[in-house]
Amino acid sequence: MEPIKHIKIKKGMKISELVGEMKNAGFGAEKIGKASEIVKKMFNDKKCTVFLGVAGAMVPAGMKEIITGLLDDVNVFVVTGANLTHDLIESLGEKHYHGNEFSDDESLNKQGIDRIYNVFMKNSVYEKLEDFFEKNFSEFLKCKTIKELLWKIGELVPEDGILKKCYEKKIPIFCPGIADSGIGLMMWGRIVEGRGKTSIDIFEDMKEIIDIAWTAEKRGIIYVGGGLPKNFIQQSLQFSKGADYGVQITTDRAESGGSSGAPLKEGISWGKMAKTGEFVDVFCDATIALPLILAGMK
Amino acid sequence: MEPIKHIKIKKGMKISELVGEMKNAGFGAEKIGKASEIVKKMFNDKKCTVFLGVAGAMVPAGMKEIITGLLDDVNVFVVTGANLTHDLIESLGEKHYHGNEFSDDESLNKQGIDRIYNVFMKNSVYEKLEDFFEKNFSEFLKCKTIKELLWKIGELVPEDGILKKCYEKKIPIFCPGIADSGIGLMMWGRIVEGRGKTSIDIFEDMKEIIDIAWTAEKRGIIYVGGGLPKNFIQQSLQFSKGADYGVQITTDRAESGGSSGAPLKEGISWGKMAKTGEFVDVFCDATIALPLILAGMK
Amino acid sequence: MEPIKHIKIKKGMKISELVGEMKNAGFGAEKIGKASEIVKKMFNDKKCTVFLGVAGAMVPAGMKEIITGLLDDVNVFVVTGANLTHDLIESLGEKHYHGNEFSDDESLNKQGIDRIYNVFMKNSVYEKLEDFFEKNFSEFLKCKTIKELLWKIGELVPEDGILKKCYEKKIPIFCPGIADSGIGLMMWGRIVEGRGKTSIDIFEDMKEIIDIAWTAEKRGIIYVGGGLPKNFIQQSLQFSKGADYGVQITTDRAESGGSSGAPLKEGISWGKMAKTGEFVDVFCDATIALPLILAGMK
Amino acid sequence: MEPIKHIKIKKGMKISELVGEMKNAGFGAEKIGKASEIVKKMFNDKKCTVFLGVAGAMVPAGMKEIITGLLDDVNVFVVTGANLTHDLIESLGEKHYHGNEFSDDESLNKQGIDRIYNVFMKNSVYEKLEDFFEKNFSEFLKCKTIKELLWKIGELVPEDGILKKCYEKKIPIFCPGIADSGIGLMMWGRIVEGRGKTSIDIFEDMKEIIDIAWTAEKRGIIYVGGGLPKNFIQQSLQFSKGADYGVQITTDRAESGGSSGAPLKEGISWGKMAKTGEFVDVFCDATIALPLILAGMK
């Protein structure tokens, strides 16, 4: 048995030092330390294909650069439509704002402000979204997969962000629930206006992600917030020998039985996780855990 | 101010009595009582269109009859692909089993058992799924929306369940994330075998649900577990005057900023919930709260 | 493996029927069913000494009758000072009220209202407390243990409640943290006024509870909300062969490492729980779980 | 409204830089940033008396140095008996060890290992505790308050730690639930052996902490994990104008109504928190949040 060592705070301490010390402590601190180590291993393992799944409003919460940074080392990206919509909103020049979770929502509504916990967004952002989709809809009509549509948006959007990076680096990006998002609404808006009809089949993107899982020599996974992105990667892993490395960050409970709160080890029973894999479940708000884990590697 | 009354347990007590007493107590008990009352109101309000969103593995956990019961009073149903897959598995004659959340997942994997918290499923269920999709794939190829596909599955599946009921009662059922499920995998399996290609556009089902929200005189919502089903209904409600009645059951946290854990009142800022609506957030495992709330009405 | 059975709601259904069906379902529902069964077993086992630990504001939330009901079958009661203070407040004729968790706390403060989540209490209740302690302080000065003091309060308080019942039925009641409560404040108030000095030794009550644990033939435990009451019983159980039956109701997390959120099985390592014991951890608001579990037995 | 800024990770980044950036982000990250700022303010405000409350097994989890570090700036310390016992165990030369939360507790019990989530402790540590109390019991018998007893233990224990620091720096340390701990058990062991009787009155320490709260010009509070330490400080604050600064770190839920999970603003209704105070509730495992918040100040 290895003794627990007590974390010592020093003046001017680097994050990498702290995360190193956390690994020698217990409870959640140890898990942050382990997670940082496992992410480093999967990034450095040349044989490993890394799948990143992101749910929860990470872009409104100031995690956009963290995610674009992760995309340098990630091979497959699965994400909610909401995150992509908020990314697009920012790449169109709009912003998110500091708010207060105890605000009066009626009053916010009158002011045209949408609340996401302690983050605010002006409802007027939808105007820029409308303009962008109005202008480029004919291009979007040509897309045959969700990935193609998202890359096309990334190509046409003026400013940097997650979508543009996925396009530029040709990162396979999957978003099976795209209809459930502002992007979906913008597409629907044009379609109901009679501007044309898309033909993006719902099952089309499955081929690519399952092929990637199937052919990868080794697999690493990073799940932020569970949800559809986690589950979509998990089901693809069933067509492989299971993930060799895994880090999950969530505040959901295992007891309610949903996929988001299930510890990674449950995936061993399904063959989604390899028996010999290195996994850690981090119970923490991702806006705290992600920066620590990533900065801890540098 | 109304005084809190203390709950009194009686021999042979009916659930409706207990839920009535809960409403006079505090904390979560009061919320169960209120939720039961609000669900009753939205079911009895002839002008009200009721939207039900269900995420989390409700079918494996023994909630299938609860959900089919709810479908008698619900006008629109949005659900995860996982729940529909587990429903289909049972309607093909397979079962879920009592398990243990402390099990050794490696050993379960060797025995061919998939674990969902404290529920087990034999991995061999996939054989019946394969057979069913193999046999009926040509029928599924004709479907043009996800709803049509799900109704068709409901039509062709031998035994009763959620899918069959949605088909028989022509309940609009939406599952934007269908690719993220065993049903998705079964469709993909046939497609990659070259048995044919579907053309179910990802944005197609949006029209119907938004139309329903738009034209409804009043709107009620019931969210079990958040996730994509909640968010998909919420975004449709933006094209209405907002929900007039709302009950949400979740164990997710508001603090991590995801849609699943956000209290319903946050939706007022977005215009998804009406300022004058009656809402309650129930923080409870849905397998405990749902039976109580529904039995409490009877 | 036993198949999961789906819960069926019937008109006029009794709680005992529902809880029986819950046991055949999964996730939290199954645990409610098991908890009801285990509590019934420990109450019916003549050899079993039952320890009840209660933390969290159960009295303000309308659980007073539930607790006094439990005391009919319980042999040892450990509780927070807060619950006893709120019980005393009610036994002096005051009440708790329905409130709202989204209230403006500044405005409540101006109105003299103290908030406990969605329950309100008038700050003026302290006047009756002052009068009661003023009047009876000389009696309280004679007490040599916390249990004696609490029994004396129970004897002298005019109306029924938890304290009176413990006195009348001579139930050993332990409250090691009594200084941390309104009762503590009332005693301190008299002492600093120079009205006399108590001599209630902090370690005195330990003898009795450890003796009870030591000499009991079998032991059952019911923990509501964790905290000091759980831990105080747990440490006494170290001087025994461990608990044979156990039910824990809490919404705290295991991951943060506190005693309140630790699953009962962790206690096996310490020898606080018997290896052969029957235990269940119920993750649920106690105001929902307790009435169900208890009514389910009847 | 201030725009959210996205956190940027840099190579060799200092914690103070990251925490500074966190403050410009949303959700929990922003709260870590605010907490660091508020703690800095209360430490730098010469008029401010700082109360620290610590519950949860912080010492086993490697947080001992963090706590002794905090004690340099803290004026009043309230803590659970468990933390002090684990501190004493380490100051007697024993250690805690890295373990695994998925361990077989029966097997651990056979090996004489006590588990605290993912931390292990040898059961044999109790021998050193026994020796220490056996040797020094006559000294302990002279103590008249819990604080005196704890200072005396700190004086006599050989190695550095929390108890020794409180003694050396004469920090008022309060532990109303001391009977609920290994230290309590050690005292009880000697008392039942007939080695003497303590006379430490349960209400005695209240005077000092309430006096401190009463006379302080300004008050700051730091709560780790809630529990009795939080509540004991809160009740003392009722005899003041309320806390001017406040940081709370907990993973408990508000919805279950316990004191541990209640947001600090609830205390405004009671007059425990000042209306004009600066507060933040950090929802995070304290082993992650505390090092960040404190290192962020340096």
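Order as written gives the chain letters A, B, C and D; numbering starts at 1 within each chain.
As a convention for this text, contacts are C-beta pairs under 8 Å (C-beta built on N, C-alpha and C of every residue); 3 or more make two chains touch, one makes a residue touch a chain.
None of these values were measured; they are calculated from a predicted model.
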{"item": "Same-interface partner of A-D, chosen from the options A-B, B-C or B-D, over half of the pairs matching", "value": "B-C"}
{"item": "From chain A, the most remote chain by mean C-alpha position", "value": "C"}
{"item": "Interface numbering overlap (same over half, different under half) for chain A and chain C", "value": "same"}
{"item": "Separation of mean Cα positions, chain C and chain A [Å, integer]", "value": "43"}
{"item": "Distance between chain centroids, defined by C-alpha means - chain B, chain C (Å)", "value": "35"}
{"item": "Separation of mean Cα positions, chain D and chain C [Å, integer]", "value": "24"}
{"item": "Residue list for chain A, restricted to those that touch at least two other chains", "value": "26-28, 57, 60-61, 116-119, 251, 253, 255-257, 265, 283, 285, 287"}
{"item": "Chain B residues within the chain C interface of the complex", "value": "1-16, 18, 21-22, 24-30, 32, 57, 60-66, 69, 95-99, 102, 116-120, 251, 265, 283-285, 287-289, 291-292, 294-295, 298"}
{"item": "Interfacial residue positions of chain A with respect to chain C in the complex", "value": "26-28, 253, 255-257, 283"}
{"item": "Contact set on chain B toward chain A in their complex", "value": "55-57, 60-61, 82, 101, 103, 105-106, 108-109, 113-119, 123, 146, 176-182, 184-185, 187-188, 191-192, 197-203, 205-207, 210, 225, 227-228, 231-232, 235, 238, 251-262, 265-271, 275, 285-287"}
